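Take a look at the structures below.
First chain A sits with chain B, and in the next complex the same chain sits with chain C.
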Partner chain A sequence: MRAQTGLAGAVAAAGALGLALLPMAGMPAFYDSFLYLVFFWISLATSWAILSGFAGYFSFGHAAFFGAGMYTTANLAAKHDVPLLATIPLAGLVAAALGVGIGAVVFRLKRLRGELFALLTLAVTFIVATVILNTPIDGGSGVFLSNVPVPKIVASQSGSIYVLGFVLCAATMVIAWWVAHSRLGMGLAAIHDDEDVAETKGVPTFRYKLAALALSAGIAGAVGGVHAVYVGFLTVGDTFGIAVPLYVVLMSVLGGARHWLGPAIGAIAIGTSLYAFTGGDMAMIGRAIVAFVLIVAILVLPDGVVPAVQAWLKRRRGAISTAPVVVAAVPPVPRMAAPDENAPVALTIRDVAKSFGGLQALRGVTLDVRKGEILGLVGPNGSGKTTLINMITGHFPLTSGTIALGDAAIGALPAHRIARLGVARTYQIPRPFAHLSALDNVALSAVFGGAATSIAAARADAGCWLSFAGLGGKAAALPAELNLHERKFLEFARALAAKPKLLLLDEVLSGLNPSEIDRAIELIRGIRAEGTTIVFVEHLMRAVVELSDRVAVLNEGTLLALGAPREIMRDPRVVSVYLGKDHAA
Partner chain B sequence: MGNFGRDASRRHVLGGLAGMAAFGTASGGRAAPSGQPVRVGGTLSLTGPLAQTAGIHKIAAEISVEEINARDGFLGRPVEWILLDDQSKPEVCRSLYEKLITVDKVDLIMGPYATSPILAAMGVAQRYGKLFIQNSMGIPRLANYELQIPATPFGSEPNKSYPKVVFDAVAGTKNPPKTVAILTSKFPSAQFMAEGTRDVAKERGLNVLMYLEYEFGARDFGAIAARVKDANPDFLWVGSLGLESNMLLEALKKLDYVPKHHFHLYPAPGPLAMSPDGKNALASTFLEPDEPFLSRPGVKRLADLYKDRATRMNLPYKELDAQAAGMFSQWQILEQGVNGSKSLDDRTIATWLKKNGATTIYNKMRFDGPFNHGDPAQLVKQNQGNNWKVVWPKEFAAPGVSLVSP
Partner chain C sequence: MPSAVVIGQALVSGLLAGGLYGLLALGLSLSWGLLRLVNLGYFAITFLGAYLVYQLHESYGIAPWWAAMLVVPLFFCLGVAQHWVFLRFRVSELASLLVTFGLSVIVESGIQLVWTADYRRLETHYASASFKIGPLYVPVLDLAACLAAAALAWATWAWLRWTYVGKALRASAEDPDIAAAYGVDHKRLSYLLSGICAGYAGVAGAFIALISTLAPSQIWAWLGVVFAVVIIGRVGNPVGALVAGLLIGASESIAMAFLSPAWAPVVSFSALIVLLLWQPDWL
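And now, the complex of A and B:
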């Protein structure tokens, strides 16, 4: 495998060197320009995908960053005689700064996701265009660059621009590859699938989105800097039109926006097709044919070319086991004694309240959880159990009260920092990252919630946790290929991979059959045996009584009762809450 | 406009004679051109946002090539026009001119239309030392390439020369304007002319009540119309492109306001002529299919051929207009340059043209001034009875036609 990777790297390096030297081969200038334009579209589409493909923040605003770069170079080079090469990094910096400025505001607002984000980026383009049009940056008369000297990298001007375009394209591909294979890429992929879950798994979502936007915008700006001199005359209409955002979206979608190589494949296909029908007699029909082929390609390959090829290869290799999972028997774990009253407190909850508008979901809950304890958290539907879990994990901000993990106050921390401090949770309805394999779903928790030092180490850990959860044969499977029981155990595995100090289990047993429940109970005991403190939300009383050291009962947002399981089950207030007053009497 | 009627020099007469020969009836008894075709390459924006007007240029170019081949071709050889679609994208335009020159190895190139593609293509022409004839570069100072030949007589400073023509036109009416409002699209060539108009208006002592720029592609003119109504100028000058004038006039009509004198720079000729709101509108032109232009050698034939072809192609405006005339002019200049210089060498042709000028559909043209421009010949036309009629300068007005004053 390593030899194959090395060979691929050597081939890529040789190919890159060959492409870099191509202008010296003396080919007609048209090919320099044609290939430059292909590089241009590869760079732009790939840079778009770093935010919009990887993180799923669909942007129509790429023209704003590209245009900011174009006008930076145009103004510096044409009006202030700054050497062209010096303007290109500045163009990238200006565009990146613009991206960071926008992201710093927009990414703080949860409601600005999906189509609202797309519309907002479109609006940003109009605003940037309006500012440039109505200031001396352009002023409406356009900026003329034909007299700006192009550095003589090779003999011809077209060859020199080719080299600049190639260098940017190569750098873009290296950056995209690096992002895709780094913690950043893994975090962005999680953000794409479920941003809230990503945050609770330890992904610093705000920072990562900002980094992705800065990279995306910065590359687009630098590409714009080179393109300004290629075009020679800038107008706001040409620069900030719909063509750039439309093409980069189309290219990325065609190639596969989530894969680092996908946008490049799409850009090569569409960039080349621009030249497929340039003859005067064929122009209209040719454009229609190209558009039709693209529509068909996108309909047939909705995830794009690269993912389709990957899926085909995966099927060919038979990577996914279609055999039912053999659920490994977990050896019985002896019941451990509950921690005594003097055991240190792992989790302190004081007067925690939460309101959603007029609805008071929690009304001042105070509760201590001892280190190494399994605390059952029960109560009727709507009593505030899941809300309390969400408060502990930082998913919702507190309305009032405090929460501390050990000695550290966590009530005001963002969810990803709470996760990093050692709090992990599962979801009542499993929420795996849909486009990550089972292995990567677990590895992500190890990377962001645990102490894994590298993705490779995290994957090795993840394999162990998958085996522990009985999913060893499903490492390559996507969550959609798992049944409910398997997804529940995947939730376990990824919670455990974070090696949490405190594990919050939200109705993990619902929907499981009796033998699966027995196995899960043994699994939870095994987890506690490792020293993990567990808060266990459950409706299934058999499991609550078997597992819990103490049980806390919530009702209408208040703590109704707290004590040993069998005592709590006999408490008339609890019986009344669950079964009605007649039974409590 | 002071250069109108200037005595032509001897060399211009010679150029004119060559042009007259070129304008003659198609065959003229000559042998058909033969041998290896002379390949002339160029692009038009056949698709994309500029495609609306590509049909005009394409028809005019096709007629031109047919007419040239029906005469003597270039140096006795047939002319082959290689047309590519630049998709209204300057970057594609640039690369296609590189293709034409370095891959297809055409003998000569012909410029595209619209400022951005022209500048993109001109850079390529400059790098390869190619003759570059274009017809719609509205900002002459940007075309500073020595082998660039302008085929439309804007003059070297149309921002100074043309406003004088327009103000002269309205100054001679029974209600000469004392106040003016200037609106313009933020499109480079329109804005360039608007700024010049503002300067000339001030020089002439007119009170410029408002100068307002709107974004190219604007669709909602309600707020602008309200400001115009409030200003109530004697003369409304609009640096419009395409349908912007129609939209502005509709917005003014909704406010029950009819502008007095109103001028439109580059409107879509058909829609504005047919609109009731466009009654008596003034606009820029270089030529209309009317007298005295039809009396110029060959112009009537070209106008008829164009109208016939435009009707068959179902173009929205079927009369010969300034855009089609610009393309006819490009080919006429090239034909006279090649056959006059007896060469296909770009520099030789350009030198001959600069020395001799050419006689085109626009009459005699010189290319020996700044930015290779000669005398300006931009005229004023008016929408009279849903037809455009040249009204100024008077010597170019159709018989019996004069500027209708509000």
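And now, the complex of A and C:
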């Protein structure tokens, strides 16, 4: 495997060197220009995918960044005599700054739907174009770069532009590969699948989206800088037209936008076929044929070429075993005595209230959870149990009140910071990241919530947690290939991988059969034996009584009762809430 | 500072232009809101309609409104056929955007092959007819387009609001599974709606043939502003689309009266951005 990767790397390096030296071979300028355009589209499509493919925020605004870069280089080089090579990083910086400016506003919005982001970026493009057109940046007459000296990297001018384009393209591919294999890429993939869960698992979603947009825009800007010299004459109409945003989307989607290599494959396919038909009616027919191929490709391979090939390879290597997993028995753990009243407090909840518009979900709940305690949280439907969990994890901002973890106030912190302080949760309906394997679902928690130093270490950890949860044989499976009970245990595993101080379990037992419930109860005891404090929401009274040290009863957003499980179950107020007043006698 | 008459005239022409925006936005808004399909191809189909109306007039002397009578049923069938493909391949909202972009390029290429890239204009004796209200000129064709937009928007709204089919369509858009459980045949309704949307494109095409100059590249010229209108008017709301169209049209032409015409796009897109950032509840 390692030798294979090494070989692939060596071939890629040799190929890259060969391509870089190609202009020396003295080909006709036509080929320089053709290959330059292929590199150009590879870089642009790949840069687009860093935000839009990896994180799923579809942008139609790539022309804004690309155009900002083009005009930066054109103005600096043609009007202010800045050396061309110096303007290219500046072009990237200007575009990245534009991207960060837009992102800083847009990504703060809650419930920003994908298609609204797409149109917002399109609108920004039109505005940038109008401003450039009406100010001296362009002035309406276009900018000529014919007097800009191109540094002589190789003998011919077209060869030098080719080399610039190639270097940028190679750099872009390296960046894309690096992002895809880094924490950033892992976080972006999680954002793509479920942004709320990603944040709760410790992914700093806002910063990551901003970083991805800055990278994406910066590369597009630098590419624009080189392209300005290639075209030699800029007009607002050509620069900010519909071609760039649409072609980058099409290329990426065709190749597979979520994979670092996908956009490049799509760019090569569409870029070369666009070039194959040039001139007059042929160009028109060619465009139509490309469009037709695109339609067929999207209908038949909605995820793109690269993922389709990967899936095919996976199938060829043999289907994942569908045999039921042998569930490893958890060794019985001695019952730990409940921490006494002098145990230090792990979680302090003071007067916490939450209203959604006119609906008061929580009306001032005060509750202390002791270190090492298992606290059962019960109450009728709509009593505010899950809301309370959502407040502790920072999913919703507090309307009033305070929450502290140990001594640290967490009520005002964003969810990913709370996760890093050691709070993990499971979801009532499992919400795994659909495009990450079971192993990576768990590893993500270890990377962002826990203390894992590298992705490799996190994957090793994740393997242990999967075995602990009885999913050892399913590491490579995608969540869709797991059944409900396996997904529930996957939820467990990824909460545990964060090595939480405080674990919040939201109805983990519902939907499990009696033997699975026994297993889960043993698991929860095992977790507590490791020193974790647990708050669990549950309707199944057998489990509540068996597991809890204390039980808290919520009703209509207030704390109705708190105490030892058997006392609570006999409390007439609690009985009346559950069964109606007639039974409370 | 322009005079009151200039501003008044700008307002009149802006509102009338806005009517055309509304007309274009109508079909797009309905298919996006009720079928969850973003139909970029709508613009190409509209222009195809415009060229057909133009050609029927040039070759056979058929009056534009009779031509529209032929084009609209034809487009209804096209819309149904397109929807068959979407259903057959279970096209998602995003994929629909890409597929219909592909369709637009094919239609654009076809138009360019048949009619070339040159500008075409449907010449009639009433093309520049107008009447005067006080000091203000009202072009007849623009007014007709605006009234047609208002009539269609209102009729569609009433149809969605009060008929069984309309209610079923709205229910399906909200939750197709639940609607199906109550006996709504979403497939048949969605065929009907896509046919209607394409028919609207035919109507809009006829008015574009009458009012504006035709060129294949013009297909993309309306895209930005009409999408802004669709969103500001709230996706899936026919009357909203019309009102937003009028607002954008009027504000654009007022801006043009004060600034240079080149600044006009800033108006609609700034409005769009402000609304998206503000996110009022009705959006």
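The rule is short, and it goes like this: the second predicted complex is superposed on the first by the 577 of 585 C-alpha atoms of A that agree within 3 Å, B and C clash if a C-alpha of one lies under 4 Å from a C-alpha of the other, contacts with A are read in each partner's own complex, and residues count from 1 in each chain.
Here, a residue touches a chain if its C-beta (ideal position, glycine included) is under 8 Å from a C-beta of that chain, and two chains touch if they have at least 3 such contacts.
In this text the structure is predicted, and so the values were computed from the model without any measurement.
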Partners on chain A (chain B, chain C) - clash or fit: clash
Chain B versus chain C as contact partner of A:Pro302, first or second or both or neither: second
Partner chain(s) touched by A:Met284 [first = chain B, second = chain C, both, neither]: both
A:Phe356 touches, of chain B and chain C: first, second, both or neither? neither
First (chain B), second (chain C), both or neither touched by A:Trp178: neither
Partner chain in contact with A:Ser33 - chain B first, chain C second, else both or neither: first
First (chain B), second (chain C), both or neither touched by A:Thr130: both
Contacts of A:Val105 with chain B and chain C, given as first, second, both or neither: second
First, second, both or neither for A:Ser141, with chain B first and chain C second: first
Clash-bearing segment of chain B, relative to chain C, as chosen among 223-231, 349-357 or 385-393: 223-231
Those residues of chain A which chain B touches in one complex and chain C touches in the other: 130, 133-134, 140, 241, 281, 284, 287
Residues of chain A that touch chain C when the two form their complex: 58, 105-106, 109, 111, 114-116, 119-120, 122-124, 126-127, 129-131, 133-134, 140, 241-242, 246, 249-250, 253, 281, 284-285, 287-288, 290-292, 294-295, 298-300, 302
Sites on chain C touched by chain A in the complex: 38, 85, 89, 91-95, 98-99, 101-106, 108-110, 112-113, 220, 223-224, 227-228, 231, 260, 262-263, 265-266, 269-270, 272-273, 276-277, 279
Chain A-facing residues of chain B, complex: 44, 46-47, 49, 58, 82-87, 89-92, 94-96, 98-99, 101-103, 115-116, 119-120, 122-123, 126-127, 139, 142, 186-188, 191-192, 213, 215-217
List of chain A residues in touch with chain B within their complex: 28-34, 36-37, 40, 130, 133-134, 140-142, 144, 146, 156-158, 227, 230-233, 235-238, 241, 243, 274-275, 277-281, 283-284, 286-287
